[in-house]
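Multiple structures follow.
Shared chain: chain A. Partners: chain B in the first complex, chain C in the second.
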Partner chain A sequence: MGNLFSNYYELASMLLFVVGFLILLIQRNLIKKIIGLNIMDTSVFLFLAAKGYIAGRMSPIIRDGVTDASRYINPIPSGLVLTGIVVAVSTTAFALALALRWYQQYNSLEVDWTTLKHLLKGEK
Partner chain B sequence: MGIISDKGKKTLTSFSDWVSANSPDIPAEVVYPPKKDDHGHGHDDHGHDDHGGHGHDDHGHDDHCEAAHADETHAHEEVLHEEPLKEASHEEPAAEAPQEEPAAEAVEAPAAEAPPPIEAPEPAKPEEPVSEEAKLCAEVGAIERSYRAVATICGIMLALILVVTVALLPKFGMANNPTVNEVSRRYLEEGIKDTGAVNTVAGMILDYRAFDTLGESIVLFTATITVIFLLQQSRRKDNEGKIGSTEANLSGVRSLPAKVIIRIALPFSLLYGIYVVINGHLSPGGGFSGGTIIGASLILSHLAFGERFTKRFATVDGCSKVMVAALLVYMGLKTYSVYTGANGIESIIPLGTPGSILSAGLIFPLNICVGLVVSCTMFTLYSLFTDWKIS
Partner chain C sequence: MNNIPFITILLAMVGSVIVLLLGKKEKTAYLLMQFIFAVVAALSFVLIPYFLKNGGTITYTLGHFPSPWGNELRFGLMESVLAFAFSAILFLSVAAGKKGVLEDVKSCKQHCYYSLLLLLLLSLLALIYTNDIFTAYVFIEINTLASCGIVMVKESGETLKATIKYLIISLMASGLFLISIAIMYAITGHLLIPALSETVKTLVSSGDYRWPLLATAILITVSMGVKSAMFPFHLWLPDAHGTATTASSSILSGVVVKGYIILLIKIYYRVFGIEVIRSMGILNIVFAMGIAGMIIGSVMAMREKNLKRMIAYSSVAQIGYIYAGIGVGTWAALAAALFHMVVHAFTKPLLFSSAGGLIEASGHSKLIADMKGAGRRNKLAGLGFLVGTCSMIGVPLFGGFTSKVYLALNAGGKMYIFLIALAISSCLNAMYYLLVALRIFSKPSPDEDLYADEKGSASNYAFVISLFAAINIALGVGGILVYDMLIKGVEIL
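Coming up: the complex of A and B.
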C-alpha cells in the first residue's frame, strides 16, 4: 500500500477531487455543477498546502533574523495556493454569470431534455 | 406555458404534473418564449409571467419523458375521441386547473384534424409527427443513462488511479521530499536580503514573482468586467421595466438587532482588513486575504443597510475605476523595478529594516494595490449578482 495512509491529506484531496468531478459530470443543475467545480478547486488547494508542509517546522516568516532554511516550511506551495484561489474565484463568478444568462434564456437552470430539445429545434 | 399564462390562468397547481403529461409534445416555441423575441424589451413580460410555473420543473425530465411516452399514445387517442364533444361545449371549460390538461392536449392535436379550440387563439404551430418526437425523447433518455453510467465508471477509475498515485507519493511532511528543493531554500535564506520582507511568501509573490501576481490581479479584473458585461443587459432592463431593486436591496435587512450588531462589527472588520493588508510583508496575510476581508465588510454593510447606504462610498462604477487605477499603479511600480533591476541601476526605493512597517521596498504599496483590486472585485461581484432580478 506504500504511503497511502501516511499521506492522508493527499488521499482526502484526491477523493474530494473525484467527488467534485463526478458532481460536475452527473448533475444537471448548473449551480450544482459550479459547486462541483469549486470542490475540485478546494481539493487542489488542500493538495498543494499538504505538499508544502514539513513536520515540526514553522511558517515561512523569518523570526529573530534566523534565515536557516531548515527551520521553515516550503513557501512556494502557499503562493501557488494563492494563485489557485484567485483563479477559482474568477471562474466561479464567470460561471455563475453564465448560469444566470442561461436561466434568463431558458427559464431553467437544468441542462436536460427540455433545454436540449429547445437547442435542437430552436434554430428553425 | 406561454399560451396558458397569456390567458391569465395562473391557478396551475402542479406544473410538474402538467409537464409530465405533456412534455414530449410541447412546441419549443411555446415553452421558451424568450427565444423568439429580440432580447430587448419584448421578453420582459414573458420572463416574469412564466417564472412562477417554470421554477418548479426541476428534476427528472427523462423519467417524465419515459412515462409520458408510455401513456402518450393512448392519451392522444382519448383526445381524438373527445374532440367533437369539446367543440360542442367549449363554453363549459372554466379556468380551473384540472381543465387545462385536456385543453393543452387539444392544442397539441394535429391542426388538420380539429380546428384550434378556443383556449388557443393563436393557431398551433405545425409540428413534427408524435412518433419522431417520442423517438427523439427515448433516444435522449438512453443517451443520458449511458452517459451517466460511463461518467460514474470514469470517476471510479480516476479515483483508483489517484489513490494508487497517492500511495506512491513520498511520505507526507518529510524534509527530504523532492518539493523541498533549492528554490525554496534560496527564497528562505536570501529572501530577506533581496526583498526586505519578513514574510517569505509575500516576498515571493510580490517581488520574485510579482509579474505572476499582476496576472492574477488582471484575472480578477477581467472576471469582474466579464460579469458586468454578462449581467448588464438585465440590469438595464430593470431600470426601464417595471421591476426595480427590491426594498431589502435598497435599505437593507429589516431586523434591528442585525443592523445594530453589524453597525458595531463593521468598523472592526474594516480595520482588521486594512491591518492585514498593510502588514502583508510582516505577518501572514497580504493583499489577497486583507482585500477579501475588506470586501466582506463592504458586502456586510450592503447587506445590512442596503444600496442607499453603500452607494455613498462604493458603487460598481467607482469600484471599476479604483481597480483600473490600482492595476496601473502596480504596473508602473513594477516597470520601474524591472527597469532598474535589468539595467543594474541602484533603485531609489530603500528596503528599510526588516520587521518595521515601512520596509520591504515595493511590497507595501503593491500589497495595497492588490488589496484594493481584491476588495473592489468582491464588492462588485456581490452587488452585480444581487442587482440581478429574477422576478
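Coming up: the complex of A and C.
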C-alpha cells in the first residue's frame, strides 16, 4: 500500500484514465463522450510527464551553455506527450465533426446504441 | 533494397497530399492513386525474390541514429509478402468497387476518398514495417481515422451511425494501447523493439515488475483485439463493414483488420517472446476466443438477412480462425494463421465486390430475399460469389481449403478442439453461403422477374473479379509456395 501513496502521480493518472474510459463507454451524449476521450488521453500525458521528470533538474533546453546531461530531465517523454497531443487533437476534431453531423441529422446529441448496456445486449 | 519500404511509405504519404490538392479532377486523382498502389505493389514484390535468395532481415535506420535512440524499419520475407498482398488488394478492390464509389460518393468529395485510401495504405505499410511501438501507435491512429473516413464517405444515416460506433470503440482501444506503451516505457525505458525485448527478457528472468508486464500484455491484446474484431469485441464490425460502399467494405474486411493482427504478432514474438506470453496464459485465452469467434461468428452470419452484413459476420468467423492459429503458439501454426490471413484478404474483397454486383442486379436491395436470380442477371458477380463461397467453406482446390488444412495440421496439442470447431464452423459456413448461392442462381418465376438483365458490366470489373477468382484458385493449388515463404519469414521474426 505504501507504494500507492508515494507514487501518487501514477495513481492519479490511472484513476483519471479509468474515469475517462468509463465516460467514453457509458455516457449517451456525444459531447460528453468526447470529453471523456480527452480526459483519458490527458491522463496518459500526466503519466508520461511524471515519468520524465527528475526532481531538481531543468527542462531539456540548453541554458547558459550547460551541455551536461545530468542537469536536465529526460526529454523523450515530453516528445511523446507532444506527439500524443497532436494525435488527440486530430481525433477530437474528427469526433466533433461527426457529432456535428449527427446533430444536424437528428437534432440531438444522444446516442443510445454505443453505451455499455447495448454493447452487452448486442443490439443491431 | 534497403530503401524500398521507406520509399513506398513516403510515396503513399506524398501521394495522399497531391491527390487531395487535385481537387475537382477526380479522374486524374483516381489514376494517380491506382498508379501509386501499383508502384507500391511492384516495389514490394521486388523484395520477395531478394529475401528468398539471401534470407535474413534488413534494419533500416531513419536518420542513421543507432539502435536504442533512433527510429527503425525492419523487414524480411514475411513483411514483403504481406506488403505486396495488401497493396495489390487495395488496387484491385478499388478497381472493382469504382462504380459503387462513383454512385455513393459525391463527386466533389471523391478526391478526398482517394486521399484517405492512400493514407490507409501508408499506415498499413508503416504498421507492417515499423520497429518502434510509439510509431506504431501514431500509425494506428492514422489508420483508425482513415478507416472511419472511408465508412463515412457514403454520408447516409446508417453509415453515420456505423462510423460513430466504430470511432468510439476504436478510440477506446487506442487509449488502452497508449497507456500500455506508456507503462512499458516506464518500466523498460525503451520504445524500440530490439532494446525493449532485451529489457523485457532481463525483467522476466529477474521477476521484477511481473504485474505491470502482465497488465501491458493483456491491455495490448485487448486493444488490438478490439481493433481487429476478435470475438467478444466484434460488435462494431458488421455495422461498419456492412453499410460502407463496396470498395470500402472490401478494404476494411480484407486488409485493415489484418494490420492490427500483424502488429499484435510482432509484439507477442518480438517484444515479449512467445514463451512469456504462453506462461502468462494469454495464448490460451486468444485460442479460446478464436474458437468461440469461429462458431459464434458463423451463427450470427446465418441469422443475418442482409447480404453485406452476412459477409461481414463471416469475417468475424475468419478472424477467429486466424486468432486460433496464433493461439497455438508455434512457428508452423503462426505461418498457417498468416497464410489464412492472406487467403482471407484475397477472398473477402471478391465476396464483397461480387455482392456489390448482385445488389445492383437486384434493384439495389441488400436483402438476401430479394436476390432471387441475381446471379443469372449478372453472371460474373454470381460466379465470383460462387468462387468466394467455395473458398470460405473450404472446398478443395480453393484457397480456403488449403489454409484450413494447414491450420488444422499445425494445431499441435490443441488439434482435437480445433478440428471439432473447424468442422462445426465449416458446416455453418456451408449452410449460409450455399443458401445464398442457390438463391442467386435459381430461376425467378415470371411474376417475380422484376429486373432487366445486366447489360454487360464494366470491363475493369470483369477483369478484377476474374483476377480475384484466379488468385483464389492459385492459392488453393499452389498454396504450399506461399506457406513456405511465410514459414521462412516468421522463423526470423
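Heads up, the rule we're going with is that the second predicted complex is superposed on the first by the 111 of 124 C-alpha atoms of A that agree within 3 Å, B and C clash if a C-alpha of one lies under 4 Å from a C-alpha of the other, contacts with A are read in each partner's own complex, and residues count from 1 in each chain.
Rule of thumb we're sticking to: contacts are C-beta pairs under 8 Å (C-beta built on N, C-alpha and C of every residue); 3 or more make two chains touch, one makes a residue touch a chain.
If you're wondering where the values come from, they're calculated on a predicted model, not measured in any experiment.
By the touch criterion stated above, A:Leu100 is placed in contact with chain B alone, chain C being left untouched.
When both complexes are overlaid on chain A, the residue A:Ser6 reaches chain B alone and has no touch with chain C. With both structures placed on the common chain, the touch criterion links A:Ala69 to chain B but leaves chain C unconnected. In the superposed model, A:Ser108 lies in contact with chain B only, and not with chain C. When the shared chain is aligned, no partner comes close enough to touch A:Met58: not chain B, not chain C. Once the two complexes are overlaid on the shared chain, A:Leu37 sits against chain C while remaining clear of chain B. Contacts of A:Phe17 after superposition: both chain B and chain C are touched.
Across the superposed pair, chain B and chain C both touch chain A at residues 17, 21, 25, 51, 76-77, 83, 87, 90-91, 94, 98, 101, 105, 113-114, 122. Chain A contributes residues 17, 20-21, 24-25, 30, 33, 37, 40-41, 43-44, 47-48, 51, 76-77, 80, 83-84, 87, 90-91, 94-95, 98-99, 101-102, 105, 111, 113-114, 119, 122 to its touches with chain C in the complex. Residues of chain A touching chain B in their complex: 1-4, 6-11, 14-15, 17-18, 21-22, 25-26, 28-29, 50-55, 57, 59-62, 65, 67-70, 72, 74-79, 82-83, 85-87, 89-91, 93-94, 96-98, 100-101, 103-108, 110, 112-114, 116-118, 120-122. Those residues of chain B whose C-beta lies close enough to touch chain A in the complex are 23, 28, 31-32, 34-35, 47, 50-51, 54-55, 57-59, 61-62, 65, 136-137, 140-141, 144, 148, 151-152, 154-155, 158-159, 162-163, 165-175, 177, 179-180, 183-185, 187-192, 198-201, 204-205, 209, 212, 216-217, 219-220, 222-224, 226-227, 230-231, 234, 282-284, 288, 354, 377, 381, 384-385, 388, 390. The residues of chain C lying in touch with chain A in their complex are 134, 137-138, 141, 144-145, 148-149, 152, 157, 160-161, 163-165, 167-169, 171-172, 174-176, 178-179, 182-183, 185-186, 191, 235.
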